[in-house]
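Multiple structures are listed underneath, in structure tokens.
Both complexes shown next keep subunit A, but they swap its partner, so subunit B is in the first and subunit C is in the second.
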Partner chain A sequence: MEQYLFYILAAAMLIATVFAITEKHPVHAIVYLVTSFFALAAIFYLLAAPMIAAFEVIIYAGAVMVLFLFVIMMLDLGHPEKAARPGIGHWLPAMVLGVVIAAAAVTAITLRTTTAPATRVIGIKEFSVALFQRYGVAIEIISMQLLFAVVGALYLGRKR
Partner chain B sequence: MSIISLDIAVILAKIALLLFAVLTLAAYLVFAERKLLAWVQDRKGPNRVGPLGLLQPLADLIKLLTKEDFRPLGADKWIFYLAPAMAAIPAIMTLAIVPFGAPVTIMGFEVTLQIVDLNIGLLVFLALSSIAVYGVALGGWASNSKYALLGSIRGLAQLISYELSMGLSLVPVVMLARSFKLSEIVNAQEGCWFIVYQPLSFIIFLVSILAECKRIPFDIPEAEGELVAGFHTEYSGMRFGLFFVGEYINIVVLGGLAATFFLGGWHGPLLPPLVWFWGKVFAFAFLFIWIRGTMPRLRYDQLMHLGWKVLTPLALVNILVTGWWLVMRV
Partner chain C sequence: MIPLAHVLILAALLFCLGLVCVLVWKSNVIMLLIGIEIMLNAAMLVFVGGSGHWGGADGQVFSLMIMAMTSAEVSLTLALVVYLHRRRKTVDVDDFASLKD
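Here is the complex of A and B:
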């Protein structure tokens, strides 16, 4: 059952992501990308990581993409649906990188000898302890970086 | 296998019951709002359809269903059609995590009066409320109208801003209950409601959910006086109805969650738990309508100022103080 759900969700995610890349209209692309994030969140839930699933929706679908949408709506884009699709030249670097990633993934899967550990649900307490004790320094550094971004935005937005 | 199918049957029955109850409640909330506002403004309110006007919601429903399904020229077809659903579905889905009564025993089986009791229940609520933005934003954008677009841009900014203070005001609740599970949050308040420990959190949460419902004094995304009807200006018939019903379901759900987080959920002396829970929901709905009848609308800059410079810093300080208090108490 879970296996089939995984394949259905993965297929939905891949299709939505491909549409998000090829769609010419940025607002439609955002809708596809949000769909893809939802499928990804459901996959995280299936993989016994409910916290990550919730944060995927709260942060990526609910905050980051909403801000993208806000910016796109504020700008007048004219008629993006009349724009030309990217040619083969634009696609080439992405295709080369895609082949490299696919090759690496195939090698990793075929050469793997250890079996995957049995999935178990990671509790919120365990998750938080790992986040703030084991990776505490990294968390602090990342939050400092976010603070710099806020200060930078304030500087750019201040009254001249 | 039979136990699993029984479980599924119980869950389906609970979903059907709750959906029926809440949809009826939402329809009558519209009626109650019109009546109460009329009393506040010294009018009579709807009193023509049925005894005391009680069949008014039915008449409204028939009107909405038989209206023309209109799409403005140049509107983005699919997004325009989907946006009302995007607005209503998160509100309906949030119903699934609300514990609306104490567990009851039916024919020897213990049935919890909550559709699902997730370990991450509170996070699911935050996730769904952050998704609710899309209906407002995309609906206004897809309408190809300047009023609708202005309304949806305002709605976006408002919902993002107040989501933050809403989420932060719930952190002390989690700290006190030591769980994200809504049933455990309710049970942690058996002796004493969290509003006693966290009055500030409660006020921040209340103001934030008023803003999340887009109601007066936070109704700048709709602002009839300046934007016609804001983000749903171009909608007609049942598509408009879906925006409208979604808003009233949201009031019921958020009232229920406010009761769950701060007023002890279904706990209370003497009366049965179901009465306590729904009584608290009605009290919140009444408060919302009362506020609508009393307050003027905030200006955009006042709204942003309140959200970012007052509520969010207060919520952060409150978290620090709560943490300090919890550590000192041990």
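Here is the complex of A and C:
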């Protein structure tokens, strides 16, 4: 049951991502990408990570994608549906390279033997203990990085 | 139970889709950022899959770090895009080749 759900969600996510990267209207691409991220959040839940699934929905599908939409609305791109989609000359080398890399990665993964999995849901308590005790320094660094990003965005967006 | 190999294969395919998006969309910096998002999500999927397989919280902690890093990166890059669009009236990456004006 769990496994079938995983394959259905994986197919939905891959199809939504393909639609997102071939769409030339950025707003449509963002909406496809939100679909893909919801499927990915459900996959995270299946992989015993309910916290990360919640964060994926809140931060990625909520905040980051809304920020993208906000900037697209602000930029006034004219008529994106009339803009040129990259031609076959652009798609073909990228597709060939992507297929080669994907085939190499899939072959390397399938050649490995995997041990028996340990099925255990990591709850919020264990997650928080690991986050704030073992990786406390990383939290400080990440918070400083977010502060620098805020300062940089304010500097770039100031009136002059 | 989901085998780890299938999760890794899914992550590899997702990463390659993001890579193709980055390689193809030179004419629109927003689509390029979308490709970077897809690749970072594939990395997060690998971290969470490993965390579920070996039963530790470390992978989930690091996928949270990736999320914080992505939100910082996206906010800064989109501010940069708005600034450049105000100056040059375009989102084509090739038009932003020179650093000074």
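The criterion applied here is as follows: the second predicted complex is superposed on the first by the 135 of 160 C-alpha atoms of A that agree within 3 Å, B and C clash if a C-alpha of one lies under 4 Å from a C-alpha of the other, contacts with A are read in each partner's own complex, and residues count from 1 in each chain.
As a convention for this text, a residue touches a chain if its C-beta (ideal position, glycine included) is under 8 Å from a C-beta of that chain, and two chains touch if they have at least 3 such contacts.
The structure presented is a predicted model; accordingly, all values stated were derived computationally and were not measured.
Once both complexes are superposed on subunit A, the partners subunit B and subunit C fit side by side without clashing. Of the two partner chains placed by the overlay, only subunit C lies in contact with A:90; subunit B stays clear of it.
By the touch criterion defined above, A:62 lies against subunit B but remains apart from subunit C after alignment on the C-alpha atoms of chain A.
Considering which of subunit B and subunit C touches more of subunit A, the answer is C.
Looking at the shared chain after the overlay, A:16 reaches neither subunit B nor subunit C.
Contacts of A:39 after superposition on the shared chain: neither subunit B nor subunit C is touched.
Within the superposed three-chain model, A:74 lies in touch with subunit B and with subunit C [touch as defined at top]. By the touch criterion defined above, A:109 reaches subunit C but does not reach subunit B.
Contacts of A:47 after superposition: subunit C is touched, whereas subunit B is not reached. The least CA distance from subunit B to subunit C in the superposed model is 14 Å. Comparing which residues of subunit A touch subunit B with which touch subunit C, the overlap comprises 51, 55, 63, 67, 74. On the subunit C side of its complex with subunit A, the touching residues are 1-10, 12-21, 23-28, 30-31, 33-35, 37-38, 41, 44-45, 48-49, 51-58, 60-61, 63-65, 67-76, 78-83, 85, 91.
Within the complex formed with subunit A, the residues of subunit B that make contact are 76, 79, 118-120, 123-124, 126-127, 130-131, 133-134, 137-138, 141, 149, 152-153, 156-157, 160, 163, 180.
Across the complex, subunit C is touched by residues 2-3, 6, 10, 13-14, 17-18, 20-21, 26, 29-30, 33, 36-37, 40, 43-44, 46-49, 51-52, 55-56, 59-60, 63-64, 67-68, 71-72, 74-75, 77, 83-84, 86, 90-91, 93-95, 97-99, 101-102, 105-106, 109-110, 112, 114, 117-120, 122, 126-127, 129-131, 134-135, 138, 142, 145-146, 148-150, 152-153, 156-157 of subunit A.
Of all residues in subunit A, only 27-28, 31, 34, 50-51, 53-55, 57-58, 61-63, 66-67, 69-70, 73-74, 121, 123-124 touch subunit B in the complex they form.
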